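Here come two complexes built around subunit A, the first alongside subunit B, the second alongside subunit C.
Up next is the complex of A and B:
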């Protein structure tokens, strides 16, 4: 492949901007990948390999890969990294780049809508189950609290998710 | 009695309110009074705001934390993901620049993050604040002779530098083992003790990959411990053990009956004599056998005169 310094700079600054601040510390030792459940399950672009692609200046080339969405956010990688890369932050920074380019699976739209409308990413009417176990049918959470819902919507509207026009 | 804010999250109050009920019932006799965090929202889950913007994540998390700060209580949650998300957000807010930016967002809803409330998992409250001795004193039934495989889950373990309570070795966790042993049960080690169950973002992105990981873990439990039940302190792991064993069974990928799963506070509530129809009532896998066994008359602990 052709190494293009401009592309490398662009990829690094994009990742740093989205929260992967320590990406340049990486020495490609692979400790992160050795403990990553996502890699074990067969997602190709996580931890060391994702960082390698990014440090080669690839960004658009891998935007459609869904591996980052298979990251469990478990942070085993962060714990074990000898160079304080905090690889999960790099994976999430890449995921944020994808999300802000609207390159994410439609299946995750439901949880965004739920969060916006009820304050809960997972929302199902809980009344029957709660009644069954002797709890009040509604939860003391944002789902049944209009002021709380307004607050959540204000925070989302004022952030990049609001600007993307998802809601 | 120490008051602590009960942060519910999503899965526990919506899908598994019997876990919520078990937490609410066991805490007061153990000296902890859970108080509601009125209007708390999703933590927010990894697949939502954290996947779009770091500061927006911190704003939604810190809004939840301010509800506890107003009541001058710490936060206790039963959901590992919530524990991880809130703890990490609080860690990010140690950065003065970020805290300033997030407080600017919060000002629009008349809130300010101060950082005065700590984040605990239910397991931490039981292990560190209540203590094993007090748990033993409150048992009605002894679980001696029962074999438990423990599943701690990822988000109380790593990254250890953001958590208020840490395991001595997060790759060899022992808090849940101690808590289970306090009931009298045996907790054998198995080689995939700290491995991921495959729930979470992985399951919603690719269920087949998730099931491969889950089966690997399940086989290690079955072959190495032959446990009577799986006990977890992660509500997501609980759902994976409850939903995915029947799938593997139906596909003929396992040749044994699903191992009944319980969330730890359900196990403790049963051992303390709580009503199973309130504290352990919702599951796909039939748990009636193990619940009857736990609350059988032969296990009653004689009161010392």
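Up next is the complex of A and C:
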């Protein structure tokens, strides 16, 4: 790795611009990573390690990494952080950077499409199981409500997500 | 008419790098009454000072303005210079064109130069109106008070006493010794804490020049450098210390239990107790808050009489005492007694406390096997609850895996942003002691960084690595309680960027060092200020590390900021040396930049009295009613009374109305 101040400044301002305002507070203590379920699940570039790479000026180098999409937004990192870095905001800022560069992980495309089509990022068809236990086959949510789905799609099409041209 | 000389300093590039010094000099020459204006690379250098002195000696100037850095550090230098040349040293004014100008306006050279001109013009305007003033002197009481009987206070007291000054050593607990008395061994040499501390405690207690006052607190302070009157409240011991032999029989018979502070709450002590076996003085006290008045023996009441024998029914502590030192029939005053002492200087060395584990909810504080480092210190100490054997609190079993967690509450925006400074080292010390004694023990240490800052400390740390102690870089994020009193540690190894999860039998938290709560009240009584980290503020972080804003009042040890034993002792000896200066001089100088009341104008309204932060103003009766009077040795020249006086009766010498208005006029011209 070569230390290039211009790249470091660019990475920091990009993340700050996408909402990771406190990235420079980080002292690399690693408390966020010790509680992160994403890291336990095998996504290495989350929390402490992601911040380290960003503070090294790496953006393009890690743009294809899928770790950020493994973040479950549990917020434990932000709760434990002793420096008010709000690591989850940094992860989400990096995601926004990735999305704006159209560097979606395949793992994320499915959930984006789910969201567009059903209103749920994670969606499995519950009808068989519901029938088996004697419940109505459909759920009273957007997945089975055409009007709600249309509203969701209108919102997505007219928001920043729509501009990405995925749908 | 005044003859003002203006001397503009480059301060190397500090000022000249931003301000056009030549232009400021040229401008100064045009100001009224300025007879000469010069510039120099460093005005504070010998040659710079000589330039000023020569102009004074030649009779060219009789008022001096130096436009340079801060008067905080440099005003005394120039005052001394002109005094040496034969001019009254208060005919000097400093224009701060560095801190207030070049340092803050580095981006705007032109603007900074214009501002420098204004600052100089204002200083010249004041200098034209300056009057000569004379220093005054007041005699000193040749005695010192040291507040706090830990290693810092003991060191300072011994130093002062050895210099020949009468020294009062004040300690709020029944024994001197402080936190150091609770420690097992000390880094980086592993010498036994008690073995090196106890002889000093005894030496201080028996020193002919030291009067040790334990179980005592500062109740009130009046006066000023050289002449403090301190009211010391000796808390009620309910035991006659003149008779008590320290045998401990009362404690062994007392049935009332309460957590033992000396063992950090790991064991119980009795309501009648001796603080610890090596206590100095070794005297018992009755903790009346936890006393259950056995047999209805309330303090100050006559005992009931046994109907059969006709003998009085005494409480167990009274019966047990072979020296007849406990007599509950005496109406002891629960407030204790007040002694007044006169001292010339005061050293405050009140020490610290560590945060309790309950602050850290993610660290399973409910588990008895999560302990603070001070508690581990008691567990491994030979005088501790398990007599030095490593047993975990939940079941008194020997742990197999022990975890150390650093930076609990330190370097943390939610608690304390500072580094507590010595935790890294005591954790390593505890780990080393345990590994030496129990080689089979698995010891995992989790640090953000290892800060081994002192002499011999880095070697002590690297030595620990070679002993087979496991070090991990990365803060522990949480603990989970498991059914068998074990704890699951959620940690992280930064170097390999992977999670660590394992089960531990005992977890030690290195909790942050902080100022004890009751130090706030003491600070208010003494006029001590706090720094941003909520410790006592020293006068200057580098050049005045033991002095405070109150003259004659000095600080040492952890009450000024976290520090280990070597640093505490060093600072304590420094504070003792500084506190001895006024005592050795026998008199103290009072700068004449203080306020004075004109009794002919004073209406006696008394508004100024409660406003004075130094208690320097009192109302004195006169034939025309009360008039305010300012004790010149107590006045610090802050000017609060001057600005508040509705009659304009108080003048602050050196900042007189004519001088200030001239400055305002120059700034707004």
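As a working rule, the second predicted complex is superposed on the first by the 152 of 167 C-alpha atoms of A that agree within 3 Å, B and C clash if a C-alpha of one lies under 4 Å from a C-alpha of the other, contacts with A are read in each partner's own complex, and residues count from 1 in each chain.
Everything that follows uses one rule, which is that a residue touches a chain if its C-beta (ideal position, glycine included) is under 8 Å from a C-beta of that chain, and two chains touch if they have at least 3 such contacts.
Please read these numbers as outputs of a predicted model, since none were measured by experiment.
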| item | value |
| --- | --- |
| Partner chain(s) touched by A:40 [first = subunit B, second = subunit C, both, neither] | both |
| Touching partner for A:16 - first (subunit B), second (subunit C), both, neither | neither |
| Which superposed partner A:29 touches (first subunit B, second subunit C, both, neither) | second |
| Contacts of A:83 with subunit B and subunit C, given as first, second, both or neither | second |
| Between subunit B and subunit C, more extensive residue contact with subunit A | B |
| Partner chain in contact with A:48 - subunit B first, subunit C second, else both or neither | second |
| Partner chain(s) touched by A:155 [first = subunit B, second = subunit C, both, neither] | first |
| Doubly contacted subunit A residues - partners subunit C and subunit B | 40, 76, 79 |
| Subunit A partner contacts - residues on subunit C that touch it in the complex | 362, 407, 411-414, 448, 473-478, 490-492, 494, 497-501 |
| Interfacial residue positions of subunit A with respect to subunit C in the complex | 25, 27-36, 39-40, 44, 48-49, 76, 79-80, 82-84 |
| Residue numbers on subunit B that touch subunit A, as the complex places them | 8, 10-11, 13-15, 17-18, 20-21, 24, 36-42, 44-56, 59-60, 63, 81, 84, 105-106, 108-109, 111, 154-155, 157-160, 170-171, 195-196, 198, 200-202, 204-206, 209-210, 212-213, 277-279, 281-282 |
| Of subunit A, residues touching subunit B in the complex | 18-19, 37-38, 40-43, 66, 69-76, 78-79, 86, 88, 92, 95-96, 99-100, 104-105, 107-108, 111-112, 115, 119-124, 126, 129-130, 132-135, 139-142, 145, 147-148, 150-152, 154-156, 158-161, 164 |
